[in-house]
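Please read through the structure below; I'll follow up with questions.
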Amino acid sequence: MHSVILATASRYLLALILMFSVFMLLRGHNEPGGGFVGGLVAAAAYALYFLANGLDAARLIFRFEPLRTSALGLFLALLSTLPSLVTGQPFMTAIWVDTGIAPIGKVGTPLLFDLGIYLLVLGITLTIIFSLAEEDGLS
Amino acid sequence: MNDILSGSLLLLGSVFILLSAVGILRMPDLYTRMSATTKASTLGIGLVLLGTVFYWQDFGIASRAVAIIVFLFLTAPVAAHVIGRAAYLGKVPLWEKTIINEFKKSEHPSENGSSMHE
Amino acid sequence: MTTLLAIIIGVLYAAGIYLILRRSMVRVIFGLILLGHAANLMIFTVGRLTKGSPAFVPEGAESIITRPFADPLPQALILTAIVIGFGVQAFAIVLFRRTYQTLKTGDLDEMRNTDRLPEKLP
Amino acid sequence: MNFMEWAVQASVIVIGLSILIIFLRLVIGPSIEDRIVALDLLSANAIAFIAVYSIQKNSTTFLDVGIILALLAFLSTVAFAFYLGGKQRP
Amino acid sequence: MNRIIILPVLLPFATAVLMLLFPRRIATHRLLSLLSGVLLLAVSSLMLWSVLDGGILSLQAGGWAAPFGITMVADTLSCTMLTMASLIGLTTTIYSIGSINPKEEHNLYHPLIQLLLMGISGAFLTGDVFNLYVWFEVMLISSFVLLVLEGRPEQLEGAIKYVMLNLLSSAIFLAAVGLLYGMAGTLNMADLAVRLPLLHHPELLSVVAMLFLITFGIKAAVFPLFFWLPASYHTPPIAVSAILAGLLTKVGVYAIMRFFTTIFILPETDFIYQILLWVSALTMATGVLGAVAQYDIRKLLSFHIISQIGYMIFAVAIHSPLAIAGGLVFIVHNIIAKTNLFYLSGIMRQLTGSWDLRQMGGLYARYPLLSLLFLLPALALAGIPPLSGFWAKLTVILAGIEAEQWPVVAVALFVSLLTLFSMIKIWNEAFWKDDPREEAHRDSGRHLHELSSREKIAMAAPVVLLGLLTVLSGLWFEPLFVIANRAALELLDPSLYIKAVRGGMP
Amino acid sequence: MLGLIATGFLASAMAPVLYKRYKENFGWIAVSFPLYMFFSFLSRYPRIAAGESLRESLPWVPSLGINFSFLLDGLSLTFALIITLVGAAVFLYAGAYMKGYKDAGKFYLSIGVFMTSMLGLVLADNMLLLFVFWELTSFSSYLLIGFNHHKESSRKSALQALLVTGGGGLALLAGILLLGSVTGTYEISSFYDMNRVITAHSLYPAIVALLLLGAFTKSAQFPFHFWLPNAMEAPTPVSAYLHSATMVKAGVYLIARLNHEIGGTPLWQDTVLVTGAVTMLFTATLAFRQTDLKKLLAYSTLAVLGTLVMLLGIGSELAIKAFFIYLIAHSLYKGTLFLVAGTIDHETGTRDIGKLGGLRKAMPVTAAAAALASFSMMGVIPLIGFIGKETVYKAILELDRWGLPLITAAVLANACVVMVTLLVGFRPFWGKAGETPKQAHEAPLKMLLGPALLAVLGLLIGLFPDFFISAMLEQSARSILSEELSLKIALWHGVNLVLILSFVTLLLGGLLYTLRPATLRHSFFSALPALIKPSSWYESALKGMLSFARLQTKTLQNGYLRNYSMVIVLAVLLSSSFALYKGYGKMPPVPDASITFYEAALGFIIIAATILLTTSTSRLKSVVSLGVLGFSIGIIFVIYGAPDVALTTFAIETLNVILFMLVLYRLPKFFNHSSSSNRIRDAVIAGSVGVFMTLVVLFSTSFELSSELKDYFASASLLEGKGRNVVNVILVDFRALDTLGEITVLAIAAIGVMTILKTGREGRA
Amino acid sequence: MTPFLLNILLAVAWMMLVGEVSAGTFTAGLLVGYLLLWLTRPGLGDTRYFSKVPLIISFVLYFLKELVIANLKVAYDIVTPKNYMAPGIIAVPLDVRSDIEITLFANLVTLTPGTLSLDVSSDKKTLYVHALYVKDAGQFRMELKNGLEKRLIEVMR
C-alpha cells in the first residue's frame, strides 16, 4: 500500500508522536502514562511509519536493532535494581536523587526502571512487527 | 458565563456528533458516508473539546485539549483517505445514483483483486 | 453497574470458552483473547468499583485518603496481566500462523500426530 | 441543576446515542470498510465522551486518555487499510 | 543473609540480559551459562544451609513491609526446590553444550534457559500470590519458546496444545488471584494465612481454592488435566525436554503443597484433600498405563512424569508431616532421576539414531557402562532399593498406611510395579534386544567414537553426576530425610512462615 | 557382618575388571570370595552352636527406624553356610562353564551381587533392610535369567520372574510397613516377643496376607510357581544357585524367620500348610511331561519348595526338624544335579533327555556325582536325602488333622521326584549312547569339583548327621519355634511305617518312570495339569493390562485439543460449582444494580460485539469486533477511575489489530466443521461457565472489601514513592518485581516470535 | 520547514504538553525535540519554510468558514428526509507539486464535508476526489483549484 498522502503525513506524525511518547514516559509517575504506555506509543509511531513507508524505510529510521533495544531496556531495568544491592538495602529499594526536574518530578531508580520498560516495550513491539513484516516480504 | 460558553460548545458539538452518526446510518454507500460524516464528527468532537478548554480555563488542560483537536484534524482526513482508497481499490461498489466517475481502473493495473468481503 | 459488569464478565467467559472449544485455529485465538478480557474485567470488578475517581494524589495534597478513590492495586495487577497477556497472545498468534504454514491446515482436529500411538499392538 | 450540569447530561446522552447508532452501522456493514469506518468513528466519539465525562467527574486525568485514543484509533484504521490494500502482496 | 534471596532470580536474569546484549557470541553464552549455573547452585545451596541453620529467610522487595510490597521467602521447602532447580539448570546447560544444535544456540537458547530458571526460582521464592502468577508466566513463555526453537512440524503441533492448555490455566489462575484479592484484600501468602480464618464472608473460599487447585493441577499435570504434557514434551531437543520434565511440573506440585498447607487450611477448603486423594490415585494409574502403551522413549518417559506426580499429590492429600516429607523426598528424587533419564534417552538416540524402542537395540552389549548409568535412574524410578526412589516410595506409602488410605496405597504399590515394568521395557528393547537393523542400515545412529570429545564429556558428565546423586541419596538417605522433615514441619506449622514474613506484626 | 556384606558388593563391582585381566583363570580367583565367606561363617559356628546369637547394628535411616542390623543365629547361619558353600561350587564351576561367553564379567558382577544380597537377606535383623536385600536378589536374578538376552524367550522369562517376585515384593513391603506400624519397630529381634500384640491386631490378617504373598511369590508357591521353570533360561550355574539352592528359599526363610513372631494362629499355619501341600503335589505332577533336564529339575525343586513350606505350616518340632534336614539335603543334591545337567548340556550340546544316553563312559566322574546326588534326592539310604524324607513322612504322620491326604500327597509327590531323578540322574549316563550335537568328553576339573564336593557332602552328612548338623538344627529350630529343642538325628530307625512309605515311594517312582512313555501319549494325562494353568493367567493379565493401557491412552490422550480443553473446562465448572454450592447454596444478593444510560449503552455494545465476534464467519469482521470490544472495555476502565489501565488497553488493542493485520493473510479462514449438536453442547457448557462466573462476581461483590493495602498505597505513594500516580508507583516501586517479571515475559515473547519466523524462513529456504 | 524551525515548534508543543511556560520546559522541549529530529532525520527530506504568518491566519479563517458552511449543508441533507445528493468521483489536476503540498491539499479537501480525497495518481498530477454534490464536473474542479489550492500555494511558497 503506498499512498503519498499517508507517507507524507506519517513522516511528520512520527516526530510528534515520539515526542508525545517521551512525555508519557517522563511524567508517568505523577499522571497517567509511564514507561509502558510511552513505549507502546513510541512503537506505534514507528509502526505507523512502517505501514506508510514500508519495512526498509522503517528500519532505516529506527536505526537500532529492535531486539538489542529490548536488551538495552532489560539492562537498564537490571541496572536500576543494582544501587539497592550496593547500598545494602533490600532488593529494588528505590534510591532518589534529591533535586527534582520540572516536568518529571523527582529522579531516581524507579525512573531508570521506567526508562528500561520504555525501551523494552519499544524494542519488542518493533521486533514483533518487523519480524512479521519481513516474513511477508513487505520490504 | 464560562459555563454558558462551555455548555453551549458541548451541546453544539454533541449535535454535530449526532448528525454525523445519523448520517453514517442513512447515507447510501460507503463513499457518501465518508464524504459526509467523518468530518462532521471531527468538528463535533473539536467543539466538545473546546468546551472543556473553557470549562477549566487552565493552560495545561487547554493545551492538552488543543493537542487532541490538532491531532484529530491532522489524522482524520488521512484516515478517511486510506480507507476510501482501500475501499475503492478493493471494489466496494459505488451508489447506483453516482453520476460521474473519472477514476479509471486502468490507472492501477495492479489492482485486480476481488472485493474484500469475506 | 456491578451487576451489569458481572453479566458482561459472564458473557465474555462464555464466549471465550465457546471459542476455545472450536476446531478452527483462529477462533481459538479469539477465544483466548476474550478470556483475557474476562479475567481482567473480573479482577477489576471484584476489586470493587469506584466511579470517576482515579487513584492520583492531587497537587498540593500528600495523600488521597480524604475522598473515595478507585483501588489502585487491582489496576496494577490488571496492567501487569494485560501486558503479559499481550506478549503471550502475540507469541500464540505467530505460532498458529507458522503452524498453519507448516502443516497446511487450520483444523485443530487434524493436529493429532504427537498423540498418536504406534499402530502395531505390542 | 444548572445549565452546565444539564448540558453535560444532555451531551452524555447525545454522544451515547450517537455511539449506539454508529455501532449499528458496524453491525450492519455491509462492506468491511464500512465497519472500519464505524470503528474509527466510535473511537473518535469515545474521545468526546471522555471529554464530557471528565467535566462531569471534574477530573482532568482522563483527557490524557483522549490523546492516546486519538492516536491509536488512527493507527488501527491505517493498519486495517494496510491490510485491505495488501491484496497485491505475495 | 536475607538479601541473598534475590540472587536466584537476579543471577539468571542478569546472565540472560548480558547474553541478549551480545546475541551472536555463542561461546560467551556457553561460558556465561556455565558460570551462572555454578553460581546459582552455590547460592541456593548456601541458602539451604542457612535456612537449616538459622531458620526461614525473607526479603521485602523494594523495602516495603509486608503485605504492601512483594515478599520473597526462603524456607526449607523453597530452598530445597531451588537447589534442585539450580542443579538441573547446571546439568542441562552442560548437557546442552554437547547436544544442542549451534543453530538453536544462535536462536538464543542459552538466554531462554536462564530466563526459564529465573521464572522457576521466582516461583519457588515468592511469598506473593500475584507475583507467583508472574513467575509462572515467565516460566511458561520461556518454555513455549524453547519448545519450538527448532520449528519442526511435530514441535509446532505439540506446542499448540501445550500453549493453549497452559494459557487456559493461566486464565484460571488470574481469575483465582482476582477473587482472592476481592475476598481478603491482600495478596501476601503469609498475610492471607492470617486473614482468611478471620473473614466475615468466607463462603467463596472453597471456589477460590478449587480454582487454584485446578490451575496448579494443570501445571503439575494431574489427572484429568495432564493432556498437554504427553502431547508436547517429547518434541523439543532432549535437553529442553529434560529441563521441562525435571522442573516444570514440580513447580505446580510445589504450588499445591504451598497453598494447601499454608493458605487454604480452613474448614471450608478441607474437601480439597479428599479430591486430591482420588486425583492422586488416578494420576498414578493413568500416567503409568500411558507409559506402558508407548514405544517412543520420550513419550514413555513423559507419561511417567504424570504417574510420579500422582505420588507427590498423594503426599499432599495426606498432609501429615511424614507425608509432606515423603512428598518432598519424592520430588527431589524424581527431579534427579527423571531428568537423568531424559538425558540418557538423548544419548541413546545419538547412538542408535532412533527414539523408537523397536528400532533400538544392542546397547547392553556395546556400552555396558551406559547400561549401568541407565539402570541407576530407571531402577530408582521403579523404587528399587537402595536407590533414592525406594525411599521416596517408602515414605509416601508409609504415610499412606499411617493415614489408613488403603485403596490409594494399593494403587501406589501396583503402579510402582507397572513403573518397573515400563522401565524394564526400555531395558529389554534398547539394551538387551539385539539391534534390529542390519549393520548396513545403522547409519542413522552414531558410534561413540564419532562423537567429539566435547559432545561426549558434555553429555556424559550430567548423567554420571545425577546417577551418582541417585545412588548417594539412596545410601545416605538420612540427611535428605532430615531436610524433608524440617520442610514438612515448617509447612504444617505456618506460624513460622508467617512470622518470618510479617515480622513482629500481629 | 556389615563389613562382610560391604566387601561382597565391592568385590562384585571389581569382578568385571578382574575378569578382563585374568579371563580363563578368573574362576579360581572368584571362588576364593565365597570360600572366604564360608569359612568366616564357619568360624562362628561354635558360638552359635553354643546358643549365642551375634548381633551388629549401625544406624542407617534412624528417623524411619531403619538400621543396618544383622543377626547371626542358627537359622541365618544355616542359610549363610548354604549360600556361601553352594556359591563356592557354582563360582568355580562357572569359571569353566562361562568360558565361551563374552559377557562373563557381567555374569560375575551379577552373581556376586546376588550372593551378597542373599547373605544380607538372611542376616538382616531389620525388616526393611531385609526388604532391600530381597529386592536386590530379585533384580540380580532378573539380570541372570536374562543373561542370554539376545534370545526373546530369555528376556520374557526374566521379565516374568521379575514381575512375579517384584509384585510379591511390593506386597511384602506393604506387609512390612503394616507390621512396623503395628509394632512400632522394624527390628526383627525387637518384635520377637510381640506375637500377642501382632496377632490380636485388626490388621493382622492383612499383614499375614501381604507377607505370605511376598514369600510365596519368591519361593514359587502355587499359583505363582510358573516363573521358576521359565527361569531355566538362565545359564545353568545360575539355575543351580539361585533357582534351587538359594534365592527361591528366601520366601521359605522369611516364613521360618517370622513363624514365631506372627505365626501360631490357624490363619498363618493353615495358609502356609495348604499352600505348601498344593504346590508340592501340583508341581510334582507337572514334572511328568517335561523332557528338558533343567525343566525336570525345576519342577522337582518346586515340589521340594512346596514340601518345605508345608512343613513350616505343620509347625511341629518334628516338622521343623524335617524342614531343616530337607532344606540342607535339597541344596546339596539339587545343586549337584543342576551342575551336572549343565555339564551334560555343555559337553553334548543338548538337554533333551530323549537324545541323551550312555554318557558314563565319556564322563565317569560326572556320572558318579550325579548318581550320588540322585540317591540322596530319591531318599536312598545312607544319604542325607533319606533322612530328610524319613523325617518329612514322620512329621506328617504325626499330624492328627489331614494326615492321610497329606501323606498320600507327599508320597505321590516324592514318587514324581524319584521319577525325575531317574530321568535326570541316571538315564543320560546309562543305556545306549544318544545322538548328541557334540561329542561328549569329561568336563574340566573346575566343572567337576563343585558337583563332586556337594554330592560327597550329601553323603557325609547322611552318614554323620549328628556331627554335622545337629547343633545347628537345634539353634535354628529355636529361632523358628523359640523353644529349646534337643533333636538327635539318626540314619536308621529300624523298619517302621515310615521306612515302608519310603520304599513305596521308590517303587512308585520307578513305576512312573517306566509308564511314562506310554502315558505321555494319552492326551488325558497331558491335559490334566493344563486345566489349572496360572502361567496363562499371568499371560492374560499382562496382555489385558497392555490392551487396557492402550485403550485408556487412546481414549484419554486422543489428540483432540478441544477435548483436552473441554475436560479442563468441565473440571472447573463441575468442581467449582460444587464448591460454590457448598459455600453458599443460595442465590447471590444483587449488588448495585443502578445504571446510567451510557453504562447501559456500553454494556450493550460489549455484549453485542462479543456475540458478533463469536458468530462471525469472517476473520476481518472478528478483528473489528475485537477492536470494538477492547475499546469499550477501555472505556469501562476510564469510567471507573483507571486511566492507566485504559491507556494500556487501548494501546494493546491497537497493537493486536496491527498484529492481526500482519498475519491474517497467513492464517486459515474460518470454517465450521463442528456438528450442530457439538456446537449446542459447547454452547451449553460455555454458557454454564458464564453463568457461574457471573454468580461468583455477584457473590464476591456482595459485601464491602476492607483493604489495608489500598489506603497504605494512597498515603505512601507520594510521601515514600515520590509519585502522584499511585498505580504507576505500584508498578515501578511497590510491586516492581512483578513488573520485572512482566517485561521479561515480553522480551521472551519477542524472542519467540522472532525465532519462530526465522526458523520458518530457514525451513523453506 | 527547516529542522531548526521544526525544533522550535516541537519545543513549543512540549511546553503545551507539559502545561508550563518557562525557560526550563522550553529548554527541555528543545532538547527532546532535537533528539527526536535527529532520530527521524531521514524521513523529513529537504523542505523550505518561510514565515507567512498573516497568510496562514487568513488561510485558516477561510478554511474554517468553508468547513462550517459545508458542514451545515451536509447536516441539512442528513436531517431532512429528501436526498439532494448527486455524488461522483472527479479527477482534479494538481498545481501543487511537493509531497507536503499535495498532502495538505488532499487532507484539506477531505476535511471539508461533502468531499473526500480518494487517491493521488502515480505521477502525482491528479487528485481523485469523491464529492456529494457534483452538478458540473468542470465547475467543481475550478472551484477547488481557485479556492483552496490557490490559497494553499500562496501560503506554502
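Chains here go by letter, A, B, C, D, E, F and G, matching the order in which they are written, and residues are numbered from 1 within each.
One rule holds in what follows: contacts are C-beta pairs under 8 Å (C-beta built on N, C-alpha and C of every residue); 3 or more make two chains touch, one makes a residue touch a chain.
In this text the structure is predicted, and so the values were computed from the model without any measurement.
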| item | value |
| --- | --- |
| Between C-E and C-F, the pair with more C-beta contacts | C-F |
| Chain at maximum distance from chain B, centres defined as averaged CA atoms | F |
| Chain at maximum distance from chain D, centres defined as averaged CA atoms | F |
| Chain A-chain D separation of Cα centroids, rounded to whole Å | 26 |
| Chain E and chain G, separation of their C-alpha mean positions in angstrom | 63 |
| Separation of chain B from chain G, taking each centre as the mean of its C-alpha atoms, in whole Å | 15 |
| Of all residues in chain G, the ones touching two or more other chains | 13, 17-18, 20, 106-107, 117, 119 |
| Numbers and ranges of chain E residues touching at least 2 other chains | 13, 20, 61-62, 72, 130, 134, 137, 141, 144-145, 148, 151, 160-161, 164, 168, 175, 179, 181-182, 187, 230-231, 293-294 |
| Where chain C touches two or more other chains, by residue | 16, 20, 25, 28, 38, 40, 42, 46-48, 51-54, 56, 73, 77, 79-80, 83-84, 87-88, 90-91, 94-96, 98, 102, 108, 111, 113-115, 117, 122 |
| Chain C partner contacts - residues on chain E that touch it in the complex | 130, 133-134, 137, 140-141, 144-145, 148, 151, 153-154, 156-161, 163-164, 167-168, 170-171, 174-175, 177-179, 181-182, 187, 230-232, 234-235, 293-296, 356, 358 |
| Complex contact set, residues of chain E against chain A | 2-3, 5-6, 10, 13-14, 16-17, 20-21, 23, 59-63, 72 |
| Residue ranges of chain C in contact with chain E within the complex | 16, 20, 25, 28, 32, 35-36, 38-40, 42-43, 46-48, 73-74, 77, 80-81, 84, 87-88, 91-92, 95-96, 98-99, 102-103, 108, 111, 113-115, 117-118, 122 |
| Chain E to chain F touching residues, read off their complex | 13, 20, 61-62, 64, 67-70, 72, 103, 107-108, 111-112, 115, 118-119, 122, 126, 130-131, 134-135, 137-138, 141-142, 144-145, 148-151, 160-161, 164-165, 168-169, 172, 175, 179, 181-183, 185-187, 200-207, 209-211, 213-214, 217-218, 224-225, 227-228, 230-231, 268, 271, 275, 286, 289-290, 292-294, 303, 364-365, 368, 379, 384-386, 390-391, 394-395, 397-398, 401-402, 409, 413-414, 416-418, 420-421, 424, 428, 431-434, 477-478, 481-482, 485 |
| In the complex with chain A, residue positions of chain D that touch it | 61, 64-65, 67-68, 71-72, 74-75, 78-79, 81-82, 85-86, 89-90 |
